[in-house]
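The same chain A turns up in both complexes below, where it pairs with chain B and then with chain C.
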Partner chain A sequence: MNDAVAKSKERPSVDKSIGVNYPKILLGVFAGVIFTFLVVPSVITVPMSFSNTRFLVFPPKGFTLTWYSQFLIDEEWVGPTLFSLKLAICTTLVSLILGFMASLALVRGSLPGRKFLNILFISPIMIPVIIIAFAVYGIYAKLNLIGSTVGLVLAHAIYTTPFVILVISANLYRFDITLEMAARNLGASAFKTYLFITLPVIKTGIITAGIFCFIMSFDELVLAMFLIGTKRLTLPIKMFSQLQFRIDPVVAAASTVFIMAAFAIILGLGFLRRERKAIVSKEKGNDSFEQ
Partner chain B sequence: MTLSSNDNILELRSLSKYYGDVLAVNDISLGIGDGEFLTVLGPSGSGKTTVLLMIAGFEYPSQGEIIFKGKSISFVPPDKRDIGMVFQNYALFPHMNLFDNIAFPLKMRKVEKQEIKRKVAEALELVQLSGYERRTPKQLSGGQQQRIALARAVVFNPAVLLMDEPLGALDKKLREHMQLEIKHIQSKLKRTVIYVTHDQEEALVMSDRIVVMNEGIIQQVGTPNELYEKPNNKFVAGFIGESNFIEGSVVEKNDDILTILMKDQSKQRLKYQGNIIVGEVVRFSIRPEKIFITKEQDNSVDFLEGVIKEVIYVGETTRYKIMIGNQGIINLKEMNTLEGGSKKVGEKVKISWDKKNLIKI
Partner chain C sequence: MKRESIRRYSYLQSFLLISPYLILLSIFYLYPLFNLFPESLFKDGNFTLEHYQHFFRIPLYSRILFRTIRISFMVTIFCFLLGYPVAYFLTEIKSQKIGSLFLACVLLPFWTSILVRTYSWVVLLQTNGLINNFLTFTGLIEKPLDLLYSEFAVIVGMVHVLLPFMILPIFSVLKNLDRNLIRAARNLGANYFWVFLMVIFPLSLPGVGAGAMFVFILALGFYITPAILGGPRTLMISTLIDQQINRLFNWDFAAAIAALLLIVTIVMIVAFNKIVGLDKIYSE
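What follows is the complex of A and B.
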């Protein structure tokens, strides 16, 4: 019986209405337009990255992988890329730990003025990055932190942690506290309860927040420009300065690599989710035993 | 009420709990015997869940002590208590399959792997869900989830098992089925159970003893039979089953026949066995099924006279609402042994009872 219900849900009234389903087509077209609008500007760099010219041109001419090899081998590019990766990973870790603890305090704690604190923690989202950058620059100059990796990680964490707090707080609000009570009752210490119950249950939220953080930090230009000092470059700074002086297709190649990486992550997450659903529905079909 | 005896596995001594200025539990003392099925019964807000949370260690008492196996555990954290608990919403871990759910308390106690396998299989067999190890909680019905929660709570052999309205989310049929099943499992494992519910029928069916709570105070402790037949006060009489209350002052006593001056100034004659003095202001309670309509030709003097106001046919019984005097309504329940609903609305009837069934409270 369940199967019948599920099937009828999947195909709502297609068989009844002979003729064209105009609303559905319209919806498809609309979605397509929006998709194009959002994605095409990024994807346009893909063909350009193969162009056999010394400048960025569209439509591309010829075909070469030179720009890729340059991006992947040339120290001028590899250095900033690795540094940006390191920066993004560190920022993500710091931000997740701080954000998780702050969310716990905000959602579960009994601090007076929690609502005010919440707004305070979220406020960096609303302040233009350049203002944060300027303020942090002033402080770092005094503390001698300009150019230090730790300094840059912390500055990025200011920028990314509010998003972590938003996502994880939402997850914690939905979290059923009796799960933790049950774990404690069954013999788990407070720490083990977080480790084995709380964290795994809100795992999706944490992963989402982590990906957010990583991309935000990896992509960040303004804070980095203010605070990077003179010795090193992050990838966004490198790309930015490259575009100012010499518009060659390495930038397009770099972009393409990251578009692909982003695609892979999204697809991977999608597959993971679908696979889990498939397992669940398959096992559900086996029987519906009661008593 | 037993206090401080050696057979008690768990003792509550003058336990109180404040939430801010609100007194949720007010000076409770109670002993729970080893192997006993004890139900804490009360309406919502009666403090029954707070008592349970204090025993489990999720709330610490403001005053008083909890003694478990002879030691005070009032401030011991919940994971060090070795007291199992079944939650109302089951609280199964959604990211683990059933094996891992049931194995969780064993893993926390660092039990050896083979032993875990054996014990989990045993627990699943106990709740008749063998072979369900690989499923996730989401794939189970409410009743099945409840059984897994039970299996998980008993698998590590806690001396006391707490159950917080464990059947509240199930439909009536399944609830009745699970009541008996929990009872069977309890007697099989010989485990002490403290069961919290607001459902008086459930309490009567399952318990060795019932603690009735209201407004943070224990109203009465006793076996189901004692509570039903000999309620201490109006709350207990009204909360467990139904009761008719008759209030007034005694103006005359003649052997077992009392004459009572009721609120509406009418005088009624009641059959009562017990100590009472003329002039006393009293409240009596009597169960609807203990009252019967006397036969027409009955000439005895000990009856109340009234008019039938309402007849409700409920299958196995018929309920009558009978007006006595000007305002007193008496509920009467009659088994439909021969035929149901023989009396009509508006009919004048005489009602009576066995004198020991009228209880002064």
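What follows is the complex of A and C.
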């Protein structure tokens, strides 16, 4: 998304004729209010997680790290967290492979009924998840898949793969196919071409899709609630049941940990991108290397 | 253009590439979904419309259906009213850095758990929560309002979750608008207001359409937000289905409601596709 902003053309400003632009100021203020509205519920969990009260309160009172230690040490929380991580990683891998293959076929393949497939492949994110959960529960019960990790991974993959397909096919549409042709011309096998040309070029897309998948699976409540059986819990289920009991600050601590992790990932990716840009610009300086 | 020169895979290759996901969808998605219809239409092997009649006979259920549609509609309207200016504002930002910072604000909610965000609203809206305290402190109200467990709370929570889905498509259309059209209109003497009304807004309608359809469809099937912020008096269709399955064990009836909601959603998706062109979002 940042790339998209970066690409938007510089445009000459036509607005200099008026001294004070009241509509623009008003628009800015309004947008500020909405940004606050969007950000506040995520942000207030951070101070609330240090609150020295047994319930979530805002503004927080006192200071304690109890909730963090409970989240990071208590088996009641560690178990579901680790299981959710495992589930999200498996789902991401399955989903990336399925989604990458399907995107290749959709963008470069010759498929009858491609329009229909486009809609079918995106529909799992538009059909209410509770309907999918209920319907899948029926067939899982017959196939004895309730409570199995494989079953959960597959159900989550149904739900996350549409995003992978959207992101990767957008990348493939933009991909310059002559790069592949050049590689093949120079003697690379089809497999090597994928490995060393196609994948590196659409790497950003794959990473973005992977992150989306991971978050969606990690945060998914309804499918997991229906399909997990009785023996285990995922983190969202644990949070949901805990919160129905009382509005527990451990949930805020957990949320804060993951916001921090997300920030670390974003910063890391930004750093990587900058590094790569530096390398590319250096190469461009050395020889006239196109694309 | 370039796309025409792309080497196409053969039928067989393409089919092999999509088959894993297609098989997964067929067995664990399409088949179970279509199975909802026979499940809701047969009782002990005999065809019956009993469950559907039950749904429409009892006023409570029609009320829930009507409420779901009303709430989804209002959420869509609010998302448009709040989201459009923000999308417009985002395209007006000249500095790249500030622009991506604001865009990050729009995307930040995706990074936090929807459960956590919804409970943040519980904390903010409750009787002695921040909003009530602020309102009583400023003297705008005398007694704290019952904000939580109401349609108001559900709408606030849903708008909060769905707003990015409205902002992003509008932003993407506005950003790619041909700026020369605006300059031409200005040159021909139109002021900002008229340029917006006659040029910018009509051209941004595809984005508005896509955003609105997406928000409405997602809102129809919303579960977590109404379950937490709505309380028992503000049931929506999804929470009703959940109640029938997990509390009352009325599976056949739940299947009938699910089938109804499924039909409505599919009709909406088909309409979406006809009006906006769903496969357009693939090439963006």
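Convention: the second predicted complex is superposed on the first by the 240 of 291 C-alpha atoms of A that agree within 3 Å, B and C clash if a C-alpha of one lies under 4 Å from a C-alpha of the other, contacts with A are read in each partner's own complex, and residues count from 1 in each chain.
Operating definition for what follows: contacts are C-beta pairs under 8 Å (C-beta built on N, C-alpha and C of every residue); 3 or more make two chains touch, one makes a residue touch a chain.
In this text the structure is predicted, and so the values were computed from the model without any measurement.
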Contacts of A:A183 with chain B and chain C, given as first, second, both or neither: first
Contacts of A:K203 with chain B and chain C, given as first, second, both or neither: first
Which superposed partner A:I122 touches (first chain B, second chain C, both, neither): second
Partner contacting more residues of chain A (chain B vs chain C): C
Which superposed partner A:G28 touches (first chain B, second chain C, both, neither): second
Chain B versus chain C as contact partner of A:L195, first or second or both or neither: neither
First, second, both or neither for A:L243, with chain B first and chain C second: second
Chain B versus chain C as contact partner of A:F134, first or second or both or neither: second
Contact residues of chain A, present in both the chain B and the chain C interface: 176, 181
Residue numbers on chain B that touch chain A, as the complex places them: 56-58, 77-79, 81-85, 87-89, 91, 93-95, 104-105, 108-109, 134-136, 138-139, 141, 143-144, 152-153, 156, 174, 177
Touch list for chain A against partner chain B, complex: 176, 178-179, 181-190, 192, 196-197, 200-201, 203, 280, 283-284, 288-291
Sites on chain A touched by chain C in the complex: 1-2, 4-6, 8-9, 11, 13-14, 23-24, 27-28, 30-31, 34-35, 37-42, 44-45, 48, 56-59, 97-99, 101-102, 104-112, 115, 117-124, 126-132, 134-136, 138-139, 154-155, 157-158, 161, 165-166, 169-170, 173, 176-177, 181, 215, 219, 221-222, 236, 239-240, 243, 247, 251-252, 254-255, 258-259, 262
Residue numbers on chain C that touch chain A, as the complex places them: 2-3, 5-11, 13-15, 17-18, 20-22, 24-25, 27-33, 35-36, 39, 82-83, 85-86, 88-92, 94, 96, 99-100, 102-103, 105-117, 119-124, 129-130, 160, 163-164, 172, 175, 179, 182-183, 186, 192-193, 214, 217-218, 220-224, 228, 237-238, 241-242, 245, 254-255, 258, 261-262, 265-266, 269, 273, 278-279, 281-284
